[in-house]
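Here it is, the structure in full.
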């Protein structure tokens, strides 16, 4: 199953630690960047969703579970590509699988569960219908953006 | 003039970069931690200020200017102390001077201007009266907290 | 089984995101701070281990797997306590279970696998014998440090 | 004087704080990303410079002074452009002026001094000759990269 999105990004000083490699917590940031650009390509700005004046459609995604396996270290100046695969779609949550690659090398793989909540109460809510419909659209087979 | 607050803190992996030393942007975080603990000791929780249901007293500090001079690198596991000195008090802003020290060694020195704003509009507002009064209280000559 | 270490820490601006709560990736930083202080209490500075001039004893811990479940959001100014439990000890790796609590409320729980590597080659190596022995020491039943 | 480089980048969740805007320390990261891409366009990978096996040419840039003025807040999902202007070139340091813009709006402006050091000793050293020559090359009048 091809990913629905692939996002390229550079490793900068801010991402490294004294071990000379990317700090492991930063892969969660890398994965999040790719999910944000994927939602944007579907037409969704999370800032617009969050601050929507229209109460019923205000929605925010929160991360409820993360699993990451670190396979190879990335280093300063590396160009990495992070993909997005939707493994499960519920009415109020999504299970996403994500890989970080440097060329053909798999650096890290993650499983991220995101839940849809009301931005004010932080209580779970259904994913807005129009976003559910956008998720039905087939993803490009190889959707690299830089 | 003695500082009004001194805050101890440890350097962790998250703070370091591939050069083996603390990433320079993180000194702004260290300075901010010390300012937060200083305000807390004066009785002010910034979260309570920000989310105050009472419109007229809702207030948030934003940073409008920073100057930092980096003198010596800090490293993983170092214990550093960050102080707070109030250089100027205006009706809606404060100029703070801050030093990061490792024992007697000066690592970095910063000048930070913070402005008081309304948390919703982000427009400047007067520093709440009770905080102005708390700022009049003399600081301890050596107020180390860990 | 009581934790071998409990580390208190404050939530600062740097840890929050536009949702008004702690950014989920930062719990990996919180967990790491608690592990670092636990190793320090056992007598181990990771910086000293990493930069040891003595080749055979130079060692560095790297994180190879993380699982985190996020239960309740933490907010600016919250005081949280992060504990450390050793679930499995191998010759070259450790499985650690960690919880972040705010008073009695469980905020997040994580399983972290750390592996011991040579700091230069990043290849796996045995955990140094003296650290293995230190790990045999019983932990305090309630080892809060702030 | 036109900038020698302009780097586009997106604001992600990781960059925001509970005030709903970009955390001020993160502009130093944004500025750094633009400098890194500028050096890369000149043919310089900082990772290669740092880890050069060739002792005499091993070099690392460290930041020694930063001044940032924050004018307007950036928000989640904003696209910003960060430019690079070389204000002064010394034998062992550079003074860089950088702006962060959102369309025509100036968000932040910074003055960053970077010094060239030996990566092992962290002592100042001359900027390598070939990089000095590359700095002589005229910059494109409008060098946007995304």
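As written, the chain order gives the labels A, B, C and D, with residue 1 at the start of each chain.
As a working rule, a residue touches a chain if its C-beta (ideal position, glycine included) is under 8 Å from a C-beta of that chain, and two chains touch if they have at least 3 such contacts.
Source: prediction; values computed, not measured.
Counting C-beta pairs in contact across A-B and across A-D gives the higher total for A-D. Matching the C-alpha atoms of chain A with those of chain C calls for a turn of 180 degrees, to the nearest 5. Averaging Cα coordinates per chain places chain A and chain C 25 Å apart. Remark: chain A and chain B have CA centroids separated by 33 Å (rounded to whole angstrom). Note on chain placement: the centre of chain A and the centre of chain D lie 27 Å apart, centres being C-alpha means. For chain A, the set of residues touching two or more other chains reads 13-14, 18-19, 21, 25, 29, 32, 47, 50, 75-76. Residues 10, 12-14, 29, 32-33, 36-37, 40, 45-48, 50, 75-78, 146 of chain A touch chain D in their complex.
Interface of chain C with chain D (complex): residues 13-14, 16-21, 23, 25, 75-76. For chain B in complex with chain D, the touching residues are 18-19, 21, 24-26, 28-29, 32, 47, 50, 60, 62-70, 73, 119, 122.
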